[in-house]
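Below you'll find a set of structures to go through.
Each of the next two complexes has subunit A plus one more chain, namely subunit B in the first and subunit C in the second.
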Partner chain A sequence: MKKKENILAVRKVTYAVVAAVIALIYFGAAYITEFKMSEGIAAFPGAFLWIAENLMPDEQAISRIPKILSKLLETTLLSVAVTVFAAVCAFLFSLLGTRTTKINPIIGKAVRIVAAFFRNVPDVVWAMLLMFSFGQNILTGFLALFFTTFGLLTRAFIETIDEVSSSCVEALNATGANFIQCVFQGIIPSSLTGIVSWVLYMIETNIRSSTLIGMLTATGIGYLFDMYYKMLQFPSAGLIVLFMVILVIVIEGISNKIRRVIM
Partner chain B sequence: MDMAIQLTGIEKSRNGKIRVRAKSKSNTAIKLLIFVLLAISVIALLTFDYKDIDLGKAIADTFANIKTVFLAPKLSRGTLADILYQLLVTFCLGALSTVFGMILAFFCSLLCAQNIADKRIANVVKSIVAFVRAVPTVLWVLIFAISAGLGSVAAVLGLTFHSFAYLTKVYAEAIEEIDSGTIEALRASGAGFWQIITQAILPSSLSYMVAWTFMRFEINFTNAVAMGAAAGAGGIGFNLFMAGSFYFDLREMGALTYIVVIAVVLLEMLSTKIKSKAK
Partner chain C sequence: MAILKFENVSKVYDNTTKALNDISFSLEEGEFVSIIGPSGAGKSTILRCCNRLIDITEGKIWFDGKDVTAMNKKELRAVRTKTGMIFQHYNLVERLSVMENVLHGKLGQKSTLAGMAGIYSEEEKLEAFNILRGLDLADQTYKRCDELSGGQKQRVGIARAIMQQPKLILCDEPIASLDPKSSKVIMDHLSNINKRDNITCLVNLHQVDVAMKYSKRIIGVTGGRIVFDGPPEKLDIKTVHKIYQSNDSDLITDVKVGA
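For the complex of A and B:
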């Protein structure tokens, strides 16, 4: 009986501590960023009114549908292409970095550091850096997304391979298989579902981030939204949001279906 | 051929070799998927409008710029203390939106976890969450900026929306993993809704939730940097944007990038630690 009370008391203390920490973070952060709760709450009705008003496209917005759709298609193609190329590079790179293949511990360490570098330099920085040399070109967005995707996928693939393939590669090694045989008969078959799942996830993420990159590099759907937004043509901007939502939900639906089949 | 399979039980390919890998639905699906993705990528690269770019010069320039940014960083506008304060602002933007997202997500996940919620309400909440998640963060920030003006309020609300949708999904999954027997036992003994939450759901999924929330904080931090750059939300992202797109100061950009990268790496290390403890 006494022990039970103890558990309950400990729980109460835990909840109190968690609540206090949250409150502390809130007040500290609100002070530093000059965030006012009242303004935040006041902004809600306006934002939802905006959505409600502008989800109904006007004539001008309807006449722009073909242009919006072609940019949206471009964004989708871009995201898929970036993810696929980054995945191919990241897979080859992660073979050098896993403990499973035991190529060389120093190379492995180096691969991890390079991946961490590409992953942690914000895509915003890559976008602005590439703007200087590539200008307002689709390649600017392509490369900016490529670098971050490459870094992220390398880490993800290394973790997947280490987790799934190490035992079967060990067995293959014992039977005298060489490196190529280990990769094709051990690593690829065992980690393929995990890798494909990551690729699908990155395609979804990249569609969302390409909007942001588009705004910075003046390309694609992000630029179109930014332009309509700054010209205060909100129905057209609202239409882009609507199409974007449909696109992302469709892609999410497709990849969930695929995941269910392959898992 | 059919007879042969029946007799031996071994599947053989057309040229008589024994099949090593079984044909299965998932194997075919993966092969098909990889083929489709590769085809889309090739089509994409062939149809893009490259506007006659001089690729050789662009690549050479890129390498030169990368060299300047990462090998010769130098802060020329503002002292290190100023920049670190801006980093703190970004950090706080991320923290605020994580806290708000977390609180909203907690209540919404109670409404949409399959084992405790009403089915109809769960479906409504899930569709709302799917909608919120589908809109990119930067668009949420700009939508809120229409009524709140560009600044920290719009940034925090925009970041909150996306984290809320993400965390709702994660929390609901955590709650769904709880043994249904625990909840049933509490219900049978007459526990109310809140008692079930504080005595069954929170104790068993709190550490998991904390780990995911911290991971979301990491994402919110990088997003806050991006929002500073793309939506004028303040913090170090804004400094980056000014250095890159206004002053064209590559060396300043390099210094700011290093500061951001160090912050992100530290957060990542902390997050890994929290995650391994939560398991």
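For the complex of A and C:
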């Protein structure tokens, strides 16, 4: 009994300390960056008013809808293509990286390091680096997204496979099944839901990222937005934002539906 | 001739943990042998060495007269097709149907392509169905495994092992996650296969009473060494305490053993 009270007391102290630390970090960060919450909140109504006044679609913006939609489609298709292609490569790569398949501990380690490298360079930085070699080009955007997606999915797949497939792969190994049979009869059926879920998530993320990268590489919807914005044609730019939001919501809805079906 | 023979087998994990220390024993064809011992004694390690899911550090293991430790991949695969394995957590492909999981027992005997695509002959499917019927699983044939209860899953595991038409079945704590009634069903099925098909069974168990009831021979392991090897009648309370390194009244069920 005594021990239990003790544990509870310790837990209270822990909570208090954690709360204090969070408060300290917030005020410390606010002080250093000279960010004032009150000013931030005070600026809200003004900002919204500005958006309402300047970003409302006008006639010119509406006449540009076909062009916006075609660029939006281009960006979406690119994101989907990149993600699917990166997922296929990442799956093959992750088979070498998992402990489940016991290929080789050194190869496994190497795979993890390569994946970490690709993942930890932000996609925008990849785009800037690649622009030196490929110029402002759709290929640059494609590769930039490919690299980060590949790195992230490799790691996600390795973790998924190690978590859900290792026990059944052990059993299949014990029946005398070979590597390829274990992959197709064990790993793929057991980890498919997790893998598809990750791919859908990455498609959503990549649609957002590709807009940003498009501004750099002068392609897709990002370029269009950048152009209207710099020409101070805010209603057209605002319309693009609106379509982007709708697109992301629609994609999210579709992927939730797919997730439910494959569960 | 012995179906399985351990000769001075030792296993060291990661150059540090000595899991098995000079283990020697042999199983005759058709025997039903239980291994008992405390957690971390090395029971699972012994089982996984038999079909080289784990490579041993020292010694030799003979299966059906052939040296398992010296085998290449192809020979090893042949040994694995002849040893079924049953696990505490069933290790089924949960998202596939009962039928598909049972047919997995045939993977080792198939070509890469047929196995990969899951192509099985009508005879194989019929055989799988008959095995399922024998285990009272006929109604579950086309259900997905994640819809089954623990006891049913373990019977699917047994069906997969039988499908291999094995000479030896290795069971790693087959009833550790099951209630007493399902446990009895599982143990009865194992005992039944052993008698009917003359398949040798090597079973890791945590329940001394179950081991005594079902096996003709018990191996007691502690700290990676065999400290007892004999029929259940010879297992007295002193030996049980020696295996579990416990004192009187330390064990949750003091076992009714011969004095």
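Assume the second predicted complex is superposed on the first by the 234 of 263 C-alpha atoms of A that agree within 3 Å, B and C clash if a C-alpha of one lies under 4 Å from a C-alpha of the other, contacts with A are read in each partner's own complex, and residues count from 1 in each chain.
Please note the rule applied: a residue touches a chain if its C-beta (ideal position, glycine included) is under 8 Å from a C-beta of that chain, and two chains touch if they have at least 3 such contacts.
Computed from a predicted structure; not experimentally measured.
Which one hits more subunit A residues, subunit B or subunit C?
B
After lining up the shared chain so the two structures overlap, which partner does A:193 touch, if you call subunit B first and subunit C second: first, second, both or neither?
A:193: touches subunit B and subunit C.
On the A-aligned overlay, A:227 touches which partner chain: subunit B = first, subunit C = second, or both, or neither?
Neither partner.
On the A-aligned overlay, A:218 touches which partner chain: subunit B = first, subunit C = second, or both, or neither?
Touch status of A:218: no partner.
If we overlay the two complexes on their shared chain A, which of subunit B and subunit C does A:184 touch? Say first, second, both or neither.
The second partner, subunit C, only.
So, does A:174 touch the first partner subunit B, the second partner subunit C, both, or neither?
A:174: touches subunit C, not subunit B.
Quick check for you: in the superposed arrangement, does A:89 touch first (subunit B), second (subunit C), both or neither?
Touch status of A:89: no partner.
Touch check for A:32: first (subunit B), second (subunit C), both, or neither?
first
Which partner chains sit in contact with A:114 here, subunit B, subunit C, both or neither? Use first/second/both/neither.
Touch partners of A:114: none, neither subunit B nor subunit C.
According to the stated criteria, A:133 is in contact with first (subunit B), second (subunit C), both, or neither; which is it?
Only subunit B; A:133 stays clear of subunit C.
Show which residues of subunit A both subunit B and subunit C reach, each in its own complex.
Dual-contact residues (subunit A): 189, 192-193.
Please name which positions on subunit B make contact with subunit A in the complex.
For this pair, the touching residues of subunit B are 21, 25-26, 29-30, 33-34, 37-38, 40-41, 43-45, 47-51, 53, 57-59, 61-62, 64-66, 69, 88-89, 91-93, 95-96, 99, 102-103, 130-131, 133-139, 142-144, 146-148, 152-154, 156-157, 198-199, 202-203, 206, 222, 225-226, 229-230, 234-235, 237, 240-241, 244-245, 248, 250, 253, 257, 260-261, 264-265, 268.
Please give the residue numbers of subunit A that touch subunit C in the complex, ascending.
On the subunit A side, the touching residues are 167-168, 170-178, 180-181, 183-186, 189-190, 192-193.
Contact residues on subunit C for subunit A in the complex?
Within the complex, subunit C contacts subunit A at residues 51, 53, 77-81, 83-85, 87, 89, 91-96, 100, 104-105, 107-110, 112, 115-118, 157, 160, 164.
Using the touch rule from the top, collect the residues of subunit A that touch subunit B in their complex.
11, 14-15, 18, 22, 25-26, 28-30, 32-36, 39-40, 42-47, 49-51, 74, 77-78, 80-81, 84-85, 116-117, 120-125, 128-139, 143, 189, 192-193, 196, 199, 208-209, 211-212, 215-216, 222, 225, 229, 234, 241, 244-245, 248-249, 252, 258, 261-263
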